[in-house]
Amino acid sequence: MSKHRLVDALLFAALASLPLWASGYVQDLATKVMILALFALSLQLLVGVTGLVSLGHAAFLGIGAYVTVLFSPANEAGNLLALMLASCVAAGAYALLVGVLSLRTQGVYFIMVTLAFAQMAYFVFHDTQLGGGSDGIYLNVRPALQMPGVMLDLENKLTLYGGVLIVLLTAYLGLGVLLRSRFGAALQGIRVNEQRMRAAGFNTFSYKLAAFVLAGALAGLAGFLLASKDAVVNPELLAWHESGAVLLMLILGGLHSLRGALVGATAFTLLKELLSSEALLGSVAAHWQLTLGLSVIACVVFMPRGIMGLSKT
Amino acid sequence: MMDLPTFLVQCLNAVQYGLLLFLLASGLTMIFGIMGVINLAHGSFYMIGAYLAFVLTPLLGGSYVLTLFVGTLLAMALGYVLEWLFVSFLYERDHLQQVLMTWALILVFEDLRSTWVGNDVHGVPTPDWLAGSVQLGSLMSYPVYRLFASGVCIVLATLLYWTVNRTRLGMMVRAGASNRDMVRGLGLNIDLLYRWVFAVGVALAALAGMIAAPMSSVYPGMGSSVLIICFVVVVIGGIGSITGALLSSMLVGIVDTFGKVFFAQYSGVGVYLLMALVLIFRPQGLVAARR
Amino acid sequence: MLTRRFEGLLAVNQANLCFKRNEIHAVIGTNGAGKSTLINMLSGELMASSGSIGLRQGEAMVDVSAWPQYVRARAGLGRSYQRNTIFPEFTVFENIRLCAQAVHPRAWVWWQRATQCPHALQAAEQALHVTGLVQERARMAGTLSHGAKRQLEVAMCLATQPQVLLLDEPLAGMGAQESERMLQLLAALKPSHAILLVEHDMDAVFRIADRISVMVNGEVIASDTPALIRGNPQVRVAYLGDWA
């Protein structure tokens, strides 16, 4: 285990120092990867830890992002802390609603129901004027926070990068602690055999609901960061292609550890960048859907335990 | 409130939409209920059907019946080959892997369609002998084609129900659903059976797409949007139950059609609210089947 | 007087049974007699179509018929399964510790390590000792021999310190030596628990049970001491056949 910790520390150091030695493009890409890694972590809590395969997780990311933009003032920076909190709470609230309704179902039903509820959220933002319709909306000024002595302004790319890194690290370590706690142990027991957990006296429904809401809130946090980075939101954030993509990140990286979520998010994002890069692949880049689809199939067939699983052999 | 003729027209529209959904949902629920495979690419088959109608119509001299016939055969062949090469791999896998593999399949289909036929929106002409409207009673007229569509769906639904519930073939299929190895042990070629079941499921979806084509347009996103509604129908109706699929297709048809009339902007949400309601009171679906 | 209907099939018809502390009450019957249904109703996995279930809590007899399974489990109703429901990817000790955690007073404290909370650890150690699995504590549960897995199954049941044990065929698939160990375990557990034993192994049942109830087609046709059951003509005809 301490070998893994060493690797963690090295990677963190590398990421922390990245702005010093990397180009603007790479820094931007790294920010995107880290935000998606947070998103993947939140889903790993559901899929890898508790065994709940949700195909509608993008809804919570989207809600977090939309709340950030909708509650930001039109022409000045919104309060960073307030917006971050609002995103988490809004996403968590929707997760509570969806969870209560869908966690009474099992297996395939659950997958379908989570997908349907995500689609419902997609419709709200796509078809109604609540969120500017299918075009989305722009965030004119990114959030900021005036603290005694220092101004944290997300318009500053370096501040944004640092902020995302710290949030990711905190979430990663925090989830690690959670997993080793009684709550985490119970979630894993539920994944292996929910019936036995019930027979022992666990109220498995409330454990699952708690995990679902926490995962939703974390995804909302990722949404806040995404909106702050891109300064634009559109309904496609909630599309089920995104839900499928994040699920893929997990199976790519490996379902059996938190690290798997991070590895998977990185690998997937880089893979997609690669496959759609005209500079590298010329005209094949236009067919990124085909190449991505075939890659996914290959991954599922040849690496059922993901990249992290390869190192265990 | 609306006047009687409009109300009746909307009722017929609801029934027609519901029947079309049923065609799709029954394929999906059959494939899941019998073979245990959750197939996200089901919507793609609908899209493929519609595009087939678009491509085949000029090739076959505009004969609608011929187009339907050839298209269905092609779809069945596609389903057959797909099961053999790809889906059979999924039987022993967990749901997550099935989800991802079939999701990847959607991407592949999208790209192939994009490459071979393009991303434009197309229309498919209504055949002459089905064009126009017919007088229904003294109150209103209704498009002939929609009646035809409903009729075809009813015929297919009846055929499906009869085959699955009343024939020996259907019995084998249902037996295979509960215990694949046992059935194989009895000497029946379960692999071949599953292949045909899948092929029929694909054909039904494609046929739905072909029938729908003259009514709505043929566009790239049609697979995705119909798939989710399909899932909702299956969840409400109960997985594995064809009766449930019929019941919920009708419900969804009604909610969606009248929703569009009364709540134009928010109509998309109506179906999900229905699903939420059903989940509160009957999480296993309206007609709970065995699986 | 428990009854359970399944779409027209009367799986259990007006079964009236009583389980006491310091008594092993065995329920026997042919396949399909309704034993599994009975045990599922008692544990809470199935709701009875009619009738009630009472569980003694302190001095009072509480009607637990409407309680979901996990509430009954916390109230002192433990259950083991016919098919192993152990957690194969955890160690033996962790299997038991996790079950013991269910009755922990403050489950929501998320910053404390699970492996360090004293309550669960103590209960787990106890269950480990009683079932004789101390040697195997660090092994992956999935790698245990079948007999040891069945012992673990019982240990997990004991982890929550229940008063009533519902044991569904604990001897299933066991060889002679392993069965002997299990029977000794059951005898050791008897003084402090009320035990319901569903079993097919007739030798074991007649040896260890204080009371035997016989179920045929969903009905309890006899409920008596082993000697009387052995001599009961109805039972002989319906179930024991050439045995006895």
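Chains: A, B and C, in written order; residue numbering restarts at 1 for each.
By our rule, contacts are C-beta pairs under 8 Å (C-beta built on N, C-alpha and C of every residue); 3 or more make two chains touch, one makes a residue touch a chain.
Not measured: the values here are computed from a predicted model.
Of all chains, the one whose CA centroid is most distant from that of subunit B is C. Among the pairs A-B and A-C, the greater number of C-beta contacts is found at A-B.
The centroid of the Cα atoms in subunit B and the matching centroid in subunit C are 47 Å apart. Separation between the centroids of subunit A and subunit B, computed from CA atoms only, is 33 Å.
Centroids of subunit A and subunit C (each the mean of its C-alpha atoms) stand 43 Å apart. Not a single residue position of subunit A touches two or more of the other chains. Of all the residues in subunit C, the ones that touch subunit A in their complex are 43, 45, 68-71, 73-74, 78-79, 81, 85-90, 98-99, 101-104, 107-115, 117, 120, 156-157, 159-160. Put simply, subunit A touches subunit C in their complex at residues 177-178, 180-186, 189, 192-193, 195-204. Residues of subunit A that touch subunit B in their complex: 47, 53, 55, 101-102, 104-105, 107-109, 111-113, 115-117, 119-120, 123-124, 126-129, 240, 244, 247-248, 251, 255, 287, 289-290, 292-294, 296-297, 300-301, 304. Taken together, the subunit B residues at the contact with subunit A in this complex read 32, 38, 40, 89, 95-97, 99-101, 103-108, 110-112, 114-115, 224, 228, 231-232, 234-235, 239, 265-266, 268-269, 272, 275-276, 279-280, 283-285.
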